[in-house]
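Shared between the two complexes below is chain A, which has chain B as its partner in the first and chain C in the second.
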Partner chain A sequence: MFQSIISYGLAVGAVYALIGITYNVMFSASRVFSFTAGMLGMLGGVLGALFITEWGLPAIVGLVLVLACGAVLGIVTEIVTVRPVLKSIDQHLYVLSTLAFALMIQQLTAIWWGTDARPFPRLIPVGAGWLDQQFWLPMLACAVTIVGLELLYRKTLIGRAFLAIAEDSYAARALGLPETGLRMASYALAGMIGALAGFSGAEILLAFMGNQAILNFYGFVPVALGGMGSNRGAVIGGLALGVFQQAANFLVGGIFAAVAVFAVFIVVLLLRPEGLAGASAARRV
Partner chain B sequence: MSIKRRTVLTGSAAGVVSLTSGLAAPAIAQSDPIRIGYLPALTGPSSSTGVGINRGVQLGIDEINAAGGVNGRKLELIVRDTQSEPTKAVNAVAELTQRQKVGVIFGPVNSGEALAATPLIARDKVAMLHPCWVDELIDVKKYPMAFRIAPTNTQVGGGANFYVADVLKLKKAAVISDTTGYGTASVNTYVPMLKAKGVEVVYQGHVDAANPDLKPDMLRMQSAGAQVIMPWSVNAGFLSRILNTRGAMGWDVPVVGQTTLGSGQTKALLEKPENWNKVYSNNFRNCCYENGKLPARAQEFVDRLKKSKIEMGDTLLWWIALGWDGAQMMAQTFKAAGTKSDEIVAYWNKVKDWPGVYGTVTWTPEQHNGFPDREVVMCEVNSLKDGAFNLAPGYSS
Partner chain C sequence: MTDATASAPAAGASWLGKLEGKVSWILLGVAGLLLPLLDDSYIGVIAQRAYIYWVLSAGLNLVVGYAGQIAIGWVSMLTLGAYTTAALTAGTATEPWHPYLALIAGGVVGAVAGLVVGLPALRLRTFYFAMTTLGFATIVTQVALAWKSVTGGGVGTPGPVFPWPFDPGWGFYYFCFILAALATWMTANIASSRFGRALVAIRDAEVAAEASGIAKPKLLMAVFLFAGALGGVAGGLFSSLQSYITPDAFTFEISVLFFIAILIGGRGSILGPALGTIILTALPEFAAPLVQWSTFLYAALLLVIVLVIPGGIADLLDYKNRRPLEQHREIAPRQELLGRLLDKSDAKHTIALKDIALHFGGVRAIDGLDLEIRSGEVQGLIGPNGSGKTTTLNVISGYYAPKSGTLMLDGRSLPFGQPHLRARYRIARTFQTPRLVGAASVLENVMIGGTVHGHASFAEATLALPRNRRDEKLLHEAAMQALATVGLENLAGVRADRLQHSELRFMEIARALMLRPAFLMLDEPAAGLSPEEIRRLGSLIKAISREGTGVLLVEHHADLIFDICDHVTVLNLGKVLAAGTPNEIRSHREVVSAYLGA
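Now for the complex of A and B:
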């Protein structure tokens, strides 16, 4: 039981964490919570199965194509659903525009791919039991992503530009930074991370259009728990959520496991509205 | 006696009515094709059933027309693809009943569309023939012109319960579903029926179909002493996870349930082919192999399908048979009773032991569900050949 809680919990938690990071990267660049994160995760699995299983492409080529598709969808999201509503961000129209776009893509996936789950191939046929690819691949993808983002933000000029936009877009623009281009690049990066989440977790979650809603919901929980904009918080929150969810499956089972997860989520937010790793925002008076 | 203006007008009107009613209809109308409204889901996410049924309907109509039609009139299908969407079905009903003025409608073939369309067809007083299983579609008081040529969901669950309790003679069952409306409604309906047959339900639960690990629930079933797992879901991912987990646990217990257990989508998600062993899904006695042979009616039908080069490899025999039976039933009705809705309904109310390929149909004025309980059976899911399965072990002939 303990082994199952840890292996499944960490693997699924890593997928949630990656979706949480996807939310964060888009949020940092635009102050918009784009509900296309789950859609990107869903498509990562579906497109991976399409390229590798259906088309017979090598796994590495399939992965590169999935990341490319994720980047393109990220850019389309920015142009179609975010940019038009940025001027009236206080009205939160982005909730409607991003959700509508995600639902449209999901419906198209249902028509073109089908409503049934399909298998995702075992890419690296080594290891059995808890050493199986389905458990370590999402964790590896999560580790690579968080290290890569740290290096990007701290060691590269473009990464610093991302941070500058996230910190104060008006000041960054006054300094001559190309805000629109950087925002598009951020959405492309988010698209790749979201697609990677779905690709790495698809052996467990299967290539299934119905994963979109689950990833949208459970990917949002680590963001809220870890603090909006905090990638480290999202990783800790995601892994904790996965393990807690799997433990709840064993302890209470069935639909009550989901109830337990959301009960804890609400209690945490009541006690710390800024999230476990977030800081209270100071307000000038 | 004075003759008033009103009397003259009344008399003239009566004369015109009596003359026109006495005249024969124009000859051209008698050679017009008989039009049948038909609402299959040929595209969209839930179209696999519709595509299979459509092959049978088209074959049946083609055969009847090739033999000269009904009383010298060809049958014409007015086909409107519902695209697996209730709104499309509703729009199509309005066109079929009000503009095309058909006397009978076959379909819709998907439950969601049928639930939306049935009240409208009933309102327009058009006879309808249902191939769907949802119990609520048939109600002789609300929908007196609706008849079902297929089993109900209650019969389908009853068939599985009969197999567990009376054929396998098992005493402890685990009943599980996903959290969809179909899944929860099935469990809530079938569990009391199972208990009434003396089977103890040692585990009952609804699980989120997206939950990737069903081992916790399966361990609970095992520790509760379940001798059989009865899953109710149309989600291939959920069902395959049950079968894969059972295989990984080395738990040699039968799985008895819905037809999706035997679908190609479920098979594609199995980690090992042997995870499909001892899995029994709903099927229909006339469309199952018994000792390697189909019943004579079905075998003759399969031979006809092969002769007509009807593709069977990507669909199920009972879907095609259901469509073919629908076409035959309507043609026989037109020949015996006429083409108007009230003539069709009057004839259907007296149908007794009609020998279809899919099933034997009996209707009465009080009961418009025509499929017999005894023909709802279970089959071995790993035995598919020419769209049909082996009858599950244990049934008497």
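Now for the complex of A and C:
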């Protein structure tokens, strides 16, 4: 039982962490939290099952297609729901526009794919126990994403430009950085990370439209606790959340697990609104 | 003479406005009362659902439309109310309850849940809060699925059947109708009271709301309790209407429907969201082929509203505020009216700052400041940009806590970090950039300033009891007086965001006067005014101080300062460069070379 708590917990936690990173990448580029993060995770599983099981494509082709779809959806999100409301960001209309867009996609999924959970194919039919693909694939995806983002931010020019925009978008624009293009690129990147999260975790979470709401919330919890924009916080928070949830599920039951996570979320935010590792807010008068 | 001219236009407008508003409500009410004559039970069920949804939306409208809190997961209140009422009636958790008692219990559970979900809104804004309500909705559904012994899990549980007089059929119809009417009446009462104006002020001008003494946490908690209770009651009715409830019945789609109804109807309106709820409930019923697309269409509609008409239909139909205003308006303050507004007293009060120091990071914004504001005197505060003038004002009004030093009122120290408590000491202020509720009328904006003088509680306002009506009457009269005093009474009924910049400055002074301030702090009131307006402003400020109010005037216009101040302090880099009478300052060598430059 201990083994399954840890392995399930870490696997699900890695998916939460990736969704958290998806939130962060979009937030860094635009100061916008987007409800499309959970949608991307949900679609990663559904589209993976569609391409590989239904269409019979090879797994690697399926993965590439899923990532491409994620990138396209990310760009559409930016153009349709974020850019038009950025001018008046203090009205927080993005909360509603991104939510509306995510719901539209979720509904299309419900109509074309169905509202029932469907199985996700087993891609690599070797290994059991710890070595089962459903456990290590999300962890691997998470590790690859973290390393990839680090390399991108530290070693490449475009990565540094991302950081510049995240740090101070006015100054970055004054330096001549193409802010709009970089924002679109960030959303495309976020789209791929979100879709990868769903794809890698789908053998556990299944190809299911209902994952959207669950991933939206449980993917946001690590971001809120770890401080917005902090990928390290998202990974640590996500893994901890996954293990805690599985442990509570096994030991005391699902009701307690759900209520406990929510209670911790509210209490931490009330005590430290900026997150456990975040910086405090600026002046307003 | 002054009274009559001052109140006539506004009274006429509000009488007309009241009638306009009432006609629609009366029509809706008559239609609702007569609907059973159609004897069509299908239409009856649709109408019942619309009423039930409205009971919830009416409360949510205060949270979303008035207070501006994006509570997207409010469907959870419906779920909780429904399961509480159903489970208590069925007796799965306790001895079976009487259905009416169980319905009340549903309301209580909803109120508590509303408070729990609402708490984070006191510290968090927007997305975090939106996510909290969404997470709560997700968790309530998960618990409903998992707690099989009480909720029946995925199989569900039967809803309550209410006995006579509200038994199933038209009896239950009238039950829903009455509760919907009650919800409308109560929310309308709140919206038109000082609490409703305070909610809107928190939404659009939070800092000014605090300076007017509005305690955001207390007010929001009352509203969340109220909206939660309405949601819970709506849930209890819903479970009876459905006759059998499963977790699937409470999809997120319903939350979206509530939200669109409120947004389409327009923030700060009650009729609009009510009509929106009715239309959105009825629409899918008459477009059967669209049923599986309804959520998609709702979501698309939400996206379109947000992107195209964020102000809602109410904004589009607001013809009253399209009428052009007079082009060349003049602000003519009448300081002779001040006496009626301020209670003149000869008591002497002093605010004394001693050795105040405040740092922002490594920047010393204020560095050992001494300053006194005394009743009946105008204290000027001048200095170059960044010398700490506004920061000083923010320390006095409680926004910043200094690192060291003392702030005393008549020898007792004032607490820091709680700006909403300053109004109780009758310390009022204006802002460098006017803080206003753009969508509210000038009169309403000014009335916000008198919020602390109201005596009726939130509950009294909800039920429109006499004390609340008396509050409203007094606030209305005082606000008209204040507007007449600053010379804006002709604009009382105009939306505040249509005013010119100079008019907004005088409006802020009127709002501050509503507090009957012992101390009034003005942050660059002359910025953007014409020379003639500055002259009038000067004599108004002088007159205010003669009524016994201590004035702190932060300004760049040296002429105005030297004209009306009794005492002037010059700041430079957070330190006092010089202090004295205007004549002493005018001839102060360092001041002249550093600042006046003459």
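As a working rule, the second predicted complex is superposed on the first by the 279 of 285 C-alpha atoms of A that agree within 3 Å, B and C clash if a C-alpha of one lies under 4 Å from a C-alpha of the other, contacts with A are read in each partner's own complex, and residues count from 1 in each chain.
The rule is short, and it goes like this: a residue touches a chain if its C-beta (ideal position, glycine included) is under 8 Å from a C-beta of that chain, and two chains touch if they have at least 3 such contacts.
Nothing here was measured: the structure is a model prediction, and the numbers come from that model.
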item	value
Joint occupancy of chain A by chain B and chain C, clash or fit	clash
Which of chain B and chain C A:Q91 touches, first, second, both or neither	second
Which of chain B and chain C A:I124 touches, first, second, both or neither	neither
Touching partner for A:L206 - first (chain B), second (chain C), both, neither	first
First, second, both or neither for A:F217, with chain B first and chain C second	second
Greater residue coverage of chain A in the superposed arrangement, chain B or chain C	C
Which superposed partner A:S4 touches (first chain B, second chain C, both, neither)	first
Chain B versus chain C as contact partner of A:I111, first or second or both or neither	both
Which of chain B and chain C A:L99 touches, first, second, both or neither	second
Which of chain B and chain C A:V147 touches, first, second, both or neither	neither
Chain B versus chain C as contact partner of A:V259, first or second or both or neither	second
Chain C region in steric overlap with chain B, selected from 58-66, 148-156, 490-498 or 562-570	148-156
Doubly contacted residues of chain A, that is, touched by chain B and again by chain C	110-111, 214, 253-255, 258
Footprint of chain A on chain B - complex, ascending	44-46, 179, 205-213, 215-217, 219-220, 235-237, 240, 263, 265, 268-269
Parts of chain A lying in touch with chain C, wherever the complex brings them together	33, 80-81, 84-85, 91-93, 95-97, 99-101, 103-104, 107-108, 110-111, 213-214, 216-217, 220-221, 224, 253-255, 258-259, 261-262, 265-266, 269-270, 273, 283-285
Touching residues (chain side chain C, partner chain A) in the complex	70, 72, 116, 119-120, 123-128, 130-132, 134-139, 142-143, 146-147, 207, 252, 256, 259, 263, 292-293, 295-296, 298-300, 302-303, 306-307, 310, 360, 390, 394, 399-400, 431
Chain A residues within the chain B interface of the complex	1, 4, 8, 12, 110-111, 114-119, 204-206, 208, 210-211, 214, 246, 249-250, 253-255, 257-258
